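In what follows, structures are represented as structure tokens.
In the two complexes that follow, chain A is the common piece, with chain B as its partner first and chain C second.
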Partner chain A sequence: MSIGTLALELLLMPLVAFVVGLAMVLMLRRIGARIQRRVGPPLLQPLYDVVKLYGKQTQISHGIVHDIGIVMAVGGYIAAETLLPVPGMDGIAAKGGLITLVYVLMVPMLGLALGVGQCANPNGSIGISRALTAMLAYDIPFVIVVFGISWHYGTTDLTRIIALQQAAGPAGWGAAEMPLLAIAGLIALHASLGKQPFEIYVAPAEIATGPMVEMGGKYLGGLFVMQCFQLYTASVLYTTLFLGGGENWILFLLKIFAVVAIPMTLAYLFPRYRTEDLVRLLWKWPVLIGLVGLALVMR
Partner chain B sequence: MKELDVRIETPEQRPRSNPLARVFDELVRFCRSRSMFMLHYCTGCGAIELPPAMTSRFDMERLGIQPMVTPRQADILLITGYVSIKTLKRVILTYEQMSAPKYVIGICSCTVNGGMYWQSYATAKRLDQYLPVDLYIAGCMPRPEAVITGMRELMAKIRDGRADSWQDYYRRYDWYLGNQQHLFGDDWQTPTDVIGEAEHYRLTGPETLGEHTALLQQHQKPLEPLKLQL
Partner chain C sequence: MTALDNLLLLALLTVLLLLAGRRLSSLGWYLTILFGAQFAGLLMMGALGYGAPPVPSSLHIGVMGQVMQWRFDALSWLFALITVGAGLTSSWYLAGDWGRHYRQRGGNLWLLQLALAVNVFSMLLLLASGDLLSLFIGWELVSWSAFLLMALNGADAMRAALRYITYAMAGAMAMMAGLGLVLHTAGSLQYADLAAAVPTLSSPQLWGLILLFGMGFGVKMGLLPLHLWQARAYSETPGPGASFLGAVSTRMGLWGLILVLVQLVGLVPIADLAIPYTFLDARELLMWVAALTIILPTYTALRQNDARMLLAWHGIGQGGYMLLGVLMGDAMGSAGGLMHAFNYATYQAPLFMAVYAVRYRTGTSDLNRLGGLVTRMPLSFLVMLVGIIGLAGLPPMNGFVSKWLIYRGLINDGQPLLFIAAVVGTFGTILSVYKLIHNTFLGQLRLEHVEVREAPWSMTVPMLLLSAVVFVTGYLPGLVLDWVAAAQQAVGLPVLVHTLGGVESPLGSLDMIWVSSLMFAGFGIGALLFYAGGNRSKAVHQLDNYAGGHFLSADVRYQYSDHFYAGLMRHIGPLYRNSFQWLEGALGTTVETLGAAMRAFYRQHHPAIYLLAVTTAGLIWVIL
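Entry: the complex of A and B
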């Protein structure tokens, strides 16, 4: 691959991720609206929100770490997009691999924690401590799933994992061969998105959206962009590991939208867990299912 | 303000050389009008008309209006009913923390002229003496249809660039501060340095400084960060 093609891919992959992520945010809001028997926001609503937030005329910063935190939060995901293979574009996925990706996925939350720290708002501090606790909770099943996948395919190279699954057809997809790990992965993915019922660290009525409490204007805009990337990254990673990646763009988009839509449709029906219940739930069920799945894989 | 290390950024006010500047302005104004985050600081009975306006019957999210919980994130401050003097202090603190462009909507007749609290000694009669109000929605209380009609009017104002009363707060700060001091006493002070902001954004007018701001600057104490205690 020439340098030019690689540069183009590295530029295109985050851009595609942003556009698809905007559509996913819209889908989430529409799902929420339909469940509440509302019409929901118009087609370009997520874009209006982002443009409006960046177009604010006064931007209130709390210092240099506040600025850098947001850059880390968005930049961590942009780095993650270049490690995620999509149909026709591999970027640096073959060189990075699954372990690097898991590592990079922690950067945004840590960046957010740094940024919120400088805001010195007690609600923000409570929120970010809850968010990091939740991260500890869902990362355990996630790591088990990642370990099981790499053991099963004998590689941490995402392009190789996709190629192996596509060669075997739908019966050879990760979800068919390792159903227990797929279930554990889905629960961990859902928790990592920070949506109902795992949105204790946002809790608008209680701690005033936690980490976002002091964010206005372009800072909140950065977090909106981060959310787009987050939804895209989580769904593409799940599709890559369990649903055979994308044969072409149509199937790929269908799969990643379904991966987000299914847990979210269930999500809006439940109230949220408290932090300790969340940790208990995530360390009990997905970890248990994941460990059994891992035992079956390593048998 | 130095102790808190809060600084405020603004694009440099240089002549617009970009040929597409007007197009961008138009786009941003359109997006502003179609995406309004409202902080409903629920002061009075009018707040009860907002849940129906937001939920399935009338669904404000169709218009891009959604509730937000902190002033930093919000664009619109809804004052939904009478403001007692104690409440008004909080409303002003909240308003000054919002990032511009920000809009104030007074709902219910109490914000227009005091309404049924006209004879109350503890209620602010006219909201627009203390804050720049973009829009009033009169009624006791206005129904959700009226609220949404009012919102649509605000959207039209934002799209045409007429909703700039937030600048008025900077330009005529002395007058607003004078009314606030009349109500709260001469030692009234908010955490936000409005005069500093006005100078920073070059929004100072002939009435930004005056006798009332001079009074403020006499006793103004710099803010200190809150002490963390367990």
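Entry: the complex of A and C
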């Protein structure tokens, strides 16, 4: 591959991620609205929101780490997108692989945590403490999935994992060959999004939106962008591991939207879990299902 | 005179100069320069790190038919590099303001410096040992010199140091028994003779060897359940001493385990020792010990409220990764384990230094009495940030690369539960180190810390230097992997094929040059979006905050620090049962009871009757 093509891919991959992520935010809001029998926002609302937040006149900083935290949160995801292969573009996926991606994805989280920390608001710190606890909860089933996938395909290279699945057709997709791991992975990935019912770290009525409490203007805008990336990344990763990646862009988009939409439709019906209940739930069911799935994969 | 002779002589000279030069002003700087010279001496042997044959010492001593000799191979060289590097930066740190401050507060600076020099010398001597007798002597020297460093800081430190030395003596006894076993079975204490005798050993003998040496070295390494002494002893050691001990002292145990278990006995005979009625063999048993050593101390660290204790507990946990990696015995896993020893030293030392810089300025390392210091001590914050990213094993720092190799090794090896254990340890570390940096540097700045300034340059420069190493060896892991590959070759492990940026393999590659570069490119774009987009932001005072409609004033403590992971602890809190404390206490009580019984037997109650009984028995024995 020529340098020019690679550079173009590295630029395009985060850009596509952002645009698709905006559409996913819109979809989520509309799902929520329909469940509550509302109409929901118009097509370009997420974009308006970003523009509005960046365009605010008052921008309040609590110090340099606050700023850098936002930079890390957005920048970390921009880097992560180049590790995630999409139809026609592999970026540097072959140089990182699954384990690297999982750990690179923690860097924006760390950035957010640092930024919130400097705001000197205990509501924010409590939110981060809860978010990190939730991370500990959902990442344990997720690493079981990571191990199962790496073992089954004999590699952590995401491009090879996709190629192996596509060569075998839908019957050879991860979800067909490792259904239990696919279920555990879906629960873990959904929990990682921090949406209903796992959004105790935001809890507006209790800790005043937690990490967002001191965020306004482009700080909140940065977090909004981060959320777009997060939705996109989680769904593409799941599609890559279990749904054969994208044969072409249409199928790819269908798959990734479905990956977010289906659990979200169900999850909206559940009330919010407390932190310890969240830990208990995620360490019980997805871990159990994942371990049984792993045993079946390795037998 | 070989290069090794020169190095050992230089280390000895350093000790002698310290002994003689008690009254010299700026002794600390001389010590630093001498450590620098030792470092240069090590670099003269740099070819060892690239596969050159071992460097012998010209010194040989014959004792009771045994020849004692010394030599350096690639493994010794790698560990010596860590040792002298840690000694150099620690002595640099204490040479200026920290040392003066220590002396003003009544500490014996000279003794601290001497202890540091003695530690480095004894560790070099240990690493150079060429047979089991010189190994044992080196080992004892290392144990006692560590005690010297630990016992400097008053009554609490002495208590912790005594606890350490009790453990260390138990370990030494075990090792001595191991030597006896070797002498009995192999007929000599030479490495080569032991290695040659291993195939002829019966399983009980091999078990004995593994357990005795495992216990001897395991004490130093803080392997479960022999770990209880470590955290308290390290955290009570004065600043630079703690950073030195934390970075490298424990690794001597790892070095010993690699030498005996991997190089001399070999992992194959160990893996052939099945444990009856289980699915495990001896190697897997040790791997599980390593995995538990990762998890339990890491989650103990999560509960600490003193920054020093928190770091010291993590030190124990990180040792588990190294052993786990080495025991895998494949190219990737063992490279990960060896590399982790290097990486860990490069971030643990500056982390301790940063904590002590904060202590130097504020007088405390209590995580509930700090906060918001980033605005006052930005360089120390930077050092701690780089350090915790390394400790947590996140890219782009070097800790990620070694952990990646270990994870990859566990996947290759087909060890799902150990893999999960290793990752669970990493997550626990992330939680704990965030608490560390949050409670120290983020959040609300306390009123009494408003006037605090950055630590002086004599302290920040060595910290920043080490942080740079953490970053550079994370960006170009191939630099360290060269040395690691040479060490693998020296101990007979499969050698990792690597590139400057990491590993290339069909099983999954890692190229840190690309990954790190793109991360920074991402941050660059993120910064561009942030700083170029929207209006300039206006900095506000920390009390200009949302407080649910209340006004904040300077006397209001508005910080979340205590019981930081309350939700998690509500779930896992009941699992902390202090079982090992209980075990240690039970063992101590048993020994005390037995001792009291024995004392009562021969000293206190009715000595005449015992004397009569013993005499009668003796007479009967003589007559019959």
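Keep in mind that, in the parts below, the second predicted complex is superposed on the first by the 299 of 299 C-alpha atoms of A that agree within 3 Å, B and C clash if a C-alpha of one lies under 4 Å from a C-alpha of the other, contacts with A are read in each partner's own complex, and residues count from 1 in each chain.
As a convention for this text, contacts are C-beta pairs under 8 Å (C-beta built on N, C-alpha and C of every residue); 3 or more make two chains touch, one makes a residue touch a chain.
Everything quoted here is computed from the prediction, not taken from an experiment.
K.L.:
With the two complexes superposed on chain A, say which partner A:Gly40 touches: chain B (first), chain C (second), both, or neither.
P.N.:
first
K.L.:
Now for A:Arg29: first (chain B), second (chain C), both, or neither, which partner does it touch?
P.N.:
After superposition on chain A, A:Arg29 lies in contact with chain B alone.
K.L.:
Quick one: is A:Ser192 in contact with chain B, with chain C, with both, or with neither? Answer first, second, both or neither.
P.N.:
Once the two structures are laid over each other on A, A:Ser192 reaches no partner at all.
K.L.:
Quick one: classify A:Thr133 as touching chain B (first), chain C (second), both or neither.
P.N.:
second
K.L.:
Based on the superposed arrangement, let me know which partner A:Ile60 touches: chain B (first), chain C (second), both, or neither?
P.N.:
In the superposition, A:Ile60 contacts both chain B and chain C.
K.L.:
For A:Gln230, decide between first (touching chain B), second (touching chain C), both and neither.
P.N.:
Neither partner.
K.L.:
For A:Thr239, select first, second, both or neither according to whether it touches chain B, chain C, the two together, or no partner.
P.N.:
Neither partner.
K.L.:
After superposition on the shared chain, which partner residues are touched by A:Gln165: those of chain B (first), chain C (second), both, or neither?
P.N.:
A:Gln165: touches no partner chain.
K.L.:
For chain A, which side has the bigger count of touched residues, chain B or chain C?
P.N.:
C
K.L.:
Following superposition on chain A, which residues of chain A contact chain B and also contact chain C?
P.N.:
The answer is residues 55-63, 120, 208, 213-214, 217 of chain A.
K.L.:
What does chain A use to touch chain C in their complex?
P.N.:
10, 14, 53-65, 67, 70-80, 82-83, 92, 94-100, 103-104, 106-107, 110, 113-114, 117-123, 125-126, 128-130, 132-133, 135-136, 139-140, 143-144, 147-148, 150-151, 154-157, 160, 200, 208, 213-214, 217-219, 221-222, 225, 274-276, 278-280, 294, 298
K.L.:
What residues on chain C touch chain A, complex-wise?
P.N.:
371-372, 374-375, 378, 381, 385, 389, 393-395, 400, 404, 407-408, 411, 414, 416, 419-420, 423-424, 427-428, 430-431, 434, 437-438, 441-445, 501, 506-511, 514-515, 518-519, 521-527, 529-531, 533-540, 542, 544-548, 558-561, 564-568, 570-572
K.L.:
If we count contacts the way the header does, which residues on chain B are in touch with chain A in the complex?
P.N.:
Answer in residue numbers: 4-10, 27-28, 30-32, 34-35, 55-56, 59, 61-62, 64, 68-73, 75, 98-101, 197, 201, 225.
K.L.:
Can you tell me which positions in chain A touch chain B when the two form their complex?
P.N.:
The contact residues of chain A facing chain B are 29, 33, 36-42, 44-45, 47-49, 51-52, 55-63, 120, 204-205, 208-209, 212-217, 220.
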